[in-house]
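Next come two complexes, and both contain subunit A; in the first it sits with subunit B, in the second with subunit C.
Moving on, here comes the complex of A and B:
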């Protein structure tokens, strides 16, 4: 069953074409990674799915709903993890989570927040400190916790492992796989070839706003990192992929 | 609705954790409280003084000894304008128009001031009124606190996660707006307190609460404008710069252009030229002290014909008194013609200035505030007219005493014959003709009607900005 369907999507920003008719779909319970270098159109794809950018041509739908038709319903069904882990520096982890969740009309107890923060491995003593004292990785953990706490069927993750240390990345990858096993659909964009190969069922390779390659299958076959790495460096023109 | 309240609460939490905002709020709160207390105390003291001085002046006039009634015409009398209870919030034109006037025969004096002592004692704070703080400085505080309300979210990239939680542009705009509204209501508390105090001092609830409401409206205009700009621009520096430019334009530039334009488009004759022209007209009227002045020849023949006598000595009334009465009437008509012309021009200029309220809320609130407080130009003009009526009435009443109670022969011989001089005095009981004078502010409905146009332009300002803001916020994108 298709959860995310992108058909011949064209998007323009400031009158300039950024996506040139990309086409892919993500099945329910699947982890799909869009891999690409800077300016490939990864974040633009996510922002279009969230309804922040208009579709110039083609179509997108999430669980059969187009963002242009009902953006509110889309945002109710989707948890979005932004690249920069943008949370409020004057608030602590509990306050940040409480604020964002209350905007989604969710009221959770401190124990429930603690359970999720435990899941993302944020130190107990850090949780009551203002976010301005957090490292990038700690902020990322709170953002991930927020995405998890919203308990939505679809997760859109923008560079989710950026700023995390290798141990935290491994933990994050396990978390993503367990979420997929629960039936959640996950679309992540990244330039981390190794991480994408570790966690994704399928990988789409973006270059200059075009989808230039698709790797993997829905049958749980392991994606060959070397193949993707080679394709990434060749097809995206990157001299060195992150690994 | 819950989203809007949540956003508003969060904005307040942000403000309360900002040292700059806290310091700004404390400084302004102290300034407001201090200025309100000082102005209230000063106005209350002035009101008490003027009421006391009015009673004293009336008592002093009525207690004068037996004397020639025309000496009482020149002894004169004082009239005082006690400030309205709301003048403790907005003293309006009082500071530039004078509040007491010396009334005497043959002259219309200008109103005088008695403020220098008060200002010096208050170390200059006397001129910094609560109205001025609300009109001029609170918009600056709102700009400092709220200019980044929305653009901050854009700059910090929290707009995407915020909107991905289902918050749309109008909800964000209204949420931040609610926070600013709560801030405005908090900052308006001293105004509410001042209005309530005025009600306890006899002010009408309609004007007092309208005054409070008009300031809430005025600050809401600034709040919505700040928010709309914050929604439109992409950096907080631009938002701050733009709002400061709007403030400078609205509060400093437009009022001065308005004054210049009003006086340029409706020039008033200079005081010297007016005085020369008026004196020329007055000279034609003759000297009322001199019954033999040729200017009264026709009047004399009319009177002789009326009483069917051949000379003024045969008249059953005092001819000198009749001349004084006639002279005063003609002189007053001429003086009134000039003063009405001057007041009419002042009012025209003021009305033209008020029209600038359509392009500056600062001008509109100033007009509304003065009208509601009863400290506007119209009220001052009414004071001048009422005191002129008082002056004319008691002068003419003294002239009536002169006509009826003093013989013409004794009057003519009073400087040559000591006995005649004694007989030319009338009883001090006649000084009771002086009417009590207590200047009353206009009724609440009159003041409200006078402020209505400015209040309407403030309301239009708010609705237009809110419409633009909400329309803009619908298109809000990260």
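Moving on, here comes the complex of A and C:
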């Protein structure tokens, strides 16, 4: 069953075409990684799915609903982790989670919050400190926890591992796998080839607003990092020595 | 709601602005209360002195003419029980006059040598805080409501979390406006309790402030969007504030003053004094003729006793004629002020700040209407004085200081008569 469907999507930002007709779909329970360099259009794709940017041509739908038809219904089913997410620096982790969850009309006990903060491995003693004292990685963990706590069928994650240390990235990847095992659909955006290969069922390679490659895992085998890396550096035109 | 309230409690900047609102409003109220207290003390003192002085003066007299000449009578316009909140006209027009039986117009406008300025912004009182600071504080509380979230990278998260973020913005705005409203209103009610202001007056003022707060809240809410940066929003809004609260009222007053010319208060004084001075040199029957037009009752009493060069009845007749000569000017002056006030009142619909200030001044009886009413009450009182004195002076009744003390009409203020 298709959870996310992107068909020949064109998006313009400030009058300039940013996505030039990309097409991919994500099945329920699948982890899909959108891989690409800076400015490839990854964030733009997520923002369009959430109804923040208008579709210039083509279509997008989540669980069969298009954002232009009912944006609220989509946002109810989707947890979103924004790029470089910052919660309120003057509140602590509990307060931030409590506040943002209240926006989604969710009320969770401290024990439930703690259980999820445990999952993302945020130090216990930091949890009741103001978030302005957090490192980038710690802030990212709270944002991830927030996305998890929303308990939605679909998760859209924009660079979720940025700022995390290698150990935390590994744990995050494991977490993502377990979410998929629960039947949740995850579309994550990253420029981390290795991480994407670790966690994704399929990878879409985005370059200059075009989908230039699709890689899939076979029978539980992880996607081959080398293949993707090669495609990524070649096709994205990453700098090569010209001497 | 509970969460938004908690959120507000944690918002230092918002709390700071509300505290500033409370402190400024409280300061304005305390200043107002102490000003009003001083005015009352001054009036009580003056009333006492007035009594003592009159007794001393009258005791030393032997005829009605001299008695009327030397005796001062205090008239006054005591501050109302809400005057602490809006000084209004009391700031520029006198609220006490000691008058004599002489020509009156000059006595009223003695201090008005210049045209009274129509107070534009006026002194620091509660109406100033309410009309000028309230919008500014609302701007500071709300200008960055959405743009700030965008800049911090939270806007999309809030929108996805809430589904429809409008509810969030409305709730946040409402709580902030509510907090500000309470911060501004509490001092007013404290002042009201100190002054014994009727609840209905306080409620009317509260309603006016509520409408004003909602107006500005809605304006700022609509203008401060996330398509502009916070600083751009702030610039726009302070521009609008300046326009609506300062430039427009100034233009308005300027235009009205241009279109309705105001006779000079000093001219009235001059006209009346010249008329009185000239009277010494013009034939007495000319003066009497003018006088008797108004007071035919005394036709048979204007004869001249032999070769006396001076008679009190003639003296008071020409004082009265002096007033008659200045009457037209004085009426124009009053009418022009009324007209200006009415025009400004109508036009202030383009400036909510003026509208609120005028509403508070109306409640405080410190508006132009109240000021003109006080002037009129002085004229009425002066008429009573003349009416009481003329029979005694014209028919040369024997003087009695006891009768004078007991019977000379006492000034009564509109507020006291109520």
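In this section, the second predicted complex is superposed on the first by the 234 of 243 C-alpha atoms of A that agree within 3 Å, B and C clash if a C-alpha of one lies under 4 Å from a C-alpha of the other, contacts with A are read in each partner's own complex, and residues count from 1 in each chain.
By definition in this document, a contact is a pair of C-beta atoms (placed from the backbone, for glycine too) under 8 Å apart; a residue touches a chain by one contact, two chains touch by 3 or more.
Just so it is clear, the structure is predicted and the values come from calculations on it, not from any experiment.
Undergrad: Mind checking the superposed model to see whether subunit B and subunit C fit together on subunit A or clash?
TA: Taken together on subunit A, subunit C would clash with subunit B, as the superposition shows.
Undergrad: Just to be sure I read the superposition right, which of the two partners does A:103 touch: subunit B = first, subunit C = second, or both, or neither?
TA: A:103 sits against subunit B and subunit C alike.
Undergrad: Between subunit B (first) and subunit C (second), which, if any, makes contact with A:90: first, second, both or neither?
TA: both
Undergrad: Is A:16 contacted by the first partner subunit B, the second partner subunit C, both or neither?
TA: neither
Undergrad: Identify the partner contact of A:78: answer first if only subunit B is touched, second if only subunit C is, both if each is, neither if none is.
TA: A:78 sits against subunit B and subunit C alike.
Undergrad: Between subunit B (first) and subunit C (second), which does A:222 come into contact with in this model arrangement: first, second, both, or neither?
TA: Neither subunit B nor subunit C is touched by A:222.
Undergrad: Which subunit A residues come up in both lists, the one for subunit B and the one for subunit C?
TA: 47, 50, 52, 71-72, 75-76, 78-80, 82, 84, 86-88, 90-91, 95, 99-100, 102-104, 143, 150
Undergrad: So in the complex, which bits of subunit C are touching subunit A?
TA: On the subunit C side, the touching residues are 2-3, 6-7, 10-12, 152-154, 156-164, 168.
Undergrad: So in the complex, the part of subunit B that touches subunit A is made up of which residues?
TA: Interface residues on subunit B, with respect to subunit A: 2-3, 6-7, 10, 13-14, 17-18, 156-158, 160-168, 477-478.
Undergrad: Going by the contact rule at the top, pick out the subunit A residues touching subunit C in the complex.
TA: Going through subunit A, the ones touching subunit C are 47, 50, 52, 71-72, 75-76, 78-80, 82-88, 90-91, 95, 98-104, 143, 150.
Undergrad: What residues of subunit A sit close enough to touch subunit B in their complex?
TA: 47, 50, 52-53, 71-72, 75-76, 78-80, 82, 84, 86-91, 95, 99-100, 102-105, 143, 146, 150
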